[in-house]
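These notes open a run of structures that come right after.
The two complexes that follow have subunit A in common; it is paired with subunit B in the first and with subunit C in the second.
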Partner chain A sequence: MPDVIVKNLPFLLHGLTLTLDLSVWSIMLGTLLGLVVGTVRFVRLPLLNTLALVYVEFIRGTPLLVVLFITYFALPALLGYRTTGYRAAIFGFVLFIGAYLAEDFRSGLRAVRPTLIQAGLATGLTRWQVLRLIILPQAIRRVLPSLFNQYVRLIKFTSVASVIGVTELTGAGLLVNAREFHPVTILAAIAIVYLVVCSALSLAGRALYAHFAVRT
Partner chain B sequence: MSDEPIILIRDLHKSYGATPVLRGCSLSVRRGEVVVVCGPSGSGKSTLIKCINGLERYQSGSIRLEGIEVGAKGTNLPKLRARVGMVFQHFELYPHMSVTDNIALAQVHVLKRTRVAAQERAHELLARVGLEDKADAMPADLSGGQQQRVAIARALALDPQAILFDEPTSALDPEMIHEVLQVMTELATDGMTMVVVTHEMGFARRVADRIVFMDTGEIVEDAPSEEFFSAPKTKRAADFLSKILEH
Partner chain C sequence: MNYHFDWTPIWAARGLIVEGLLMTIAVSAVSLAFSTVIGLVVGGAATAGSRAVRGLALLFTEMMRNIPLLIHMYIWYMALAFLRLPAFSCAVLGLSLYSGAYVAEVVRAGIGAVGRGQMQSALATGLTRFQAMRYIVYPQALRMIAPSLASLFSQLIKDSSLASVIAVGELTYQAGAIDGQTFRTFEVYITISLIYLVLVTAASQLVLLIPGSRSDLAAGRFADA
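What follows is the complex of A and B.
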């Protein structure tokens, strides 16, 4: 391992820990948000559906960096609360990934045959039970590959948090480089770490999908 | 109360937009009766039986299921539906659940049976339809005929007062039609009230008490099965019979 990496390893590892920390929280909370918003869009709850649509379209038309500026600068100023770079980053990532995941969940929900819904209703299950017991479990299995695609994208997106002062892996690397000036070595090392983490997640996603795939 | 019809349909009208699908259908089914509904495709047969358990709405007329008005505002549809089973053309088993779980699901969540009791009942019913060895199989591992027998077991699991069959053999390969019809025949013999939309005229002749013939959204003929097959009253029914029996 190059000296410049070895010397700064603890600092870089701390950055990696932060990247994973941001990713895990954003993925968990973002998935929950996406599931709720996607379901609202699928069920077409009157007022909420419009709200959900506005949210999804807003996020899809806004650069991630701007979303982070909103959660870091704009919202705290407007609503008068204090935040940290770490919290604002997670909040922004959750909002960002949630919108894309919502669309994935919605398309998964819509892919379930309507006659299967009728079959559930015909046995006396309520609409809510049919959604929870029959439609959602299938939709989630079906969209696993797209979910993991979004998760992998998100891990790389967390690098943007460095802009609002969160020293995650990329931020740590940039700081080390500013001091040592070995851009090629340092950026290559960082790139390899992202590659390993993302590939591992991809593989995990494929394994999950292979295990849970719905055969029809 | 026993002579009160279990299903009573009066002057039912339904349309999709400007297209009428049902034009004043009336029908009554008594407890223990087997009624076969036949007619050319697009005649409204499937729509009619999907109105009976409220899967399709209707614009006017009345359907009473055990005396309860299906289309009324305050009707608890889930509760009512649990009292009539339904079997679909394409089986509609839940693909992410084992055969046993398919049969147990509504028992647990609608009838509030314990999981163990529901699974026991599922195994009993699987034995009844000749599939006791498939309890742990997934639907995708079964043939069409086997899937449809599981679907019948799923309907039976709620101890329904009647079962509606929507073209239960239309999606099956010829060699599997027999096994499904055999299960249905046994049900009829056991006294189950059944409304069956089907083109299986052999089954209709053997098992049905009455034949209802529909064309363009109307019930054209409603007659005891022998009478229908030997001496159809209308030309439309006679034409249909000659077409379907010829091939």
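What follows is the complex of A and C.
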């Protein structure tokens, strides 16, 4: 039975690289977006704060599949541009994970003790410097576990991109299955790959956190 | 932007939307019940005295959590097709096992947060281990983890949208059908995402039913698990 896997290995491996590629881009851009939105919510910039709140609440109340349908079907129809499944998937993942990460960053920022902010201001740093040099470094160390939770969640969620026709690992597996019809072998193999990738990432997260933990 | 908004086809298709909404609620409610049971049992087992039981519970949660929900559903629907389960059961099974593992993690953390002395004094007063868990440990643990449970349950409702790929006629599935008939893509998907938003917000209030959780909930309505 495993010959199905061996025979289609190059195709499946290509799917795996696409999964990793989607994950890496979405994680990098999503973290950036989350950091910006979380900081905007923390500093309470007048108009931007409301916009950020609407964005975060909207995404957090919407299933990922629907977000992908919006970036793949609805937004191109509305704004009249063309997109590919790959680009729409990354766009959707970034929007999706950005909203969750923004909340994580915001709670991390709020967990920094206010006395440190006062002390920073008293030494003559500007507000921006206090944010960048004092609050953010501590906040980021504090939110590492939740960041990695979201990253692991995102890797699993990249499987949903198969629904909008991206042949990442799940999509590739389904295609192979459509041709060969060995659902048990193929799905088991895919599940094991996800299991390994996700466990490795969450172990890495734990190790990082242990290394950088804020000792109080 | 020269897109012409036309909401009339959405209103005309309201029957389908309501049908989908009811199916979403059905899938979510059944899965919520199962995943709570799985979570309470496995989460309890993860704090058991026996090392074998703890190991099994840990293995279960790690395996269920680190496989994408979509794969869970395909496994029940395609790989185990010889069981001839209807799509609804496949969706519920996948969703319950996947979310159950998350609930188990939260329950385990909650039990760990209840002081060791509580269990010891409960045993000292003559309660059995089961009674001590049932009357002393679980009520306190549940109260503490209410905010995390709320966010897990709202995640479960959103995750139920994946049941559409195995042809369960829930909200997202019906949206695809309406989109296919009317081509009002933007209107359809905005409508259903607003419905999900309302549903999720309402459901996250469900944990208020846990006695004593009201005060903690105000502080962390959206605390993530």
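Here is the rule we go by: the second predicted complex is superposed on the first by the 215 of 216 C-alpha atoms of A that agree within 3 Å, B and C clash if a C-alpha of one lies under 4 Å from a C-alpha of the other, contacts with A are read in each partner's own complex, and residues count from 1 in each chain.
Following the convention adopted for this analysis, a contact is a pair of C-beta atoms (placed from the backbone, for glycine too) under 8 Å apart; a residue touches a chain by one contact, two chains touch by 3 or more.
A quick note: this is a predicted structure, and the numbers were derived from the prediction, not measured.
Asker: Report clash or fit for the pair subunit B and subunit C bound to subunit A in the combined superposed model.
Answerer: Aligned on subunit A, subunit C fits beside subunit B.
Asker: Scan A:I134 for contacts with subunit B and subunit C and give back first, second, both or neither.
Answerer: first
Asker: With both structures fitted on chain A, tell me whether subunit B or subunit C touches more of subunit A's residues.
Answerer: C
Asker: Looking at the overlay, what does A:V36 touch: subunit B (first), subunit C (second), both, or neither?
Answerer: neither
Asker: Is A:D104 touching the first partner subunit B, the second partner subunit C, both, or neither of them?
Answerer: A:D104 contacts subunit C only, not subunit B.
Asker: Touching A:T115, do we find subunit B (first), subunit C (second), both, or neither?
Answerer: first
Asker: For A:L208, using the defined touch cut-off, is the partner it touches subunit B, subunit C, both, or neither? Pick first, second, both or neither.
Answerer: neither
Asker: Quick check on the superposed pair: does A:L16 touch subunit B, subunit C, both, or neither? Answer first, second, both or neither.
Answerer: neither
Asker: Is A:L195 touching the first partner subunit B, the second partner subunit C, both, or neither of them?
Answerer: second
Asker: Students often get this wrong, so check: with C-alpha centres, what angle lies at subunit A between subunit B and subunit C, to the nearest 10 degrees?
Answerer: 100
Asker: In whole Å, what is the nearest CA distance you get between subunit B and subunit C after the fit?
Answerer: Least C-alpha distance after superposition: 23 Å.
Asker: Check subunit A for residues that touch subunit B in one structure and subunit C in the other, and list them.
Answerer: none
Asker: Going by the contact rule set out above, which residues of subunit A touch subunit B in the complex?
Answerer: Interface residues on subunit A, with respect to subunit B: 113, 115-116, 118-126, 129, 133-134, 137-138, 141, 214-216.
Asker: Once bound in the complex, which stretches of subunit B touch subunit A?
Answerer: Listed in rising order, the residues are 50, 53, 55, 77-86, 88, 90, 92-96, 105-106, 109-110, 138-140, 151, 154-155, 158.
Asker: Where on subunit A is subunit C touching in the complex?
Answerer: 57-58, 60-67, 69-70, 73-75, 77-80, 100, 103-104, 146, 149, 152, 156-157, 159-160, 162-163, 170, 174, 177, 183-184, 187-188, 190-191, 194-195, 198-199, 202
Asker: Which part of subunit C faces subunit A closely enough to touch in the complex?
Answerer: Answer in residue numbers: 1-3, 62-63, 65-71, 74-75, 78-81, 154, 158-162, 164-165, 172, 175-176, 179, 185-186, 188-190, 192-193, 196-198, 200-201, 222, 224-225.
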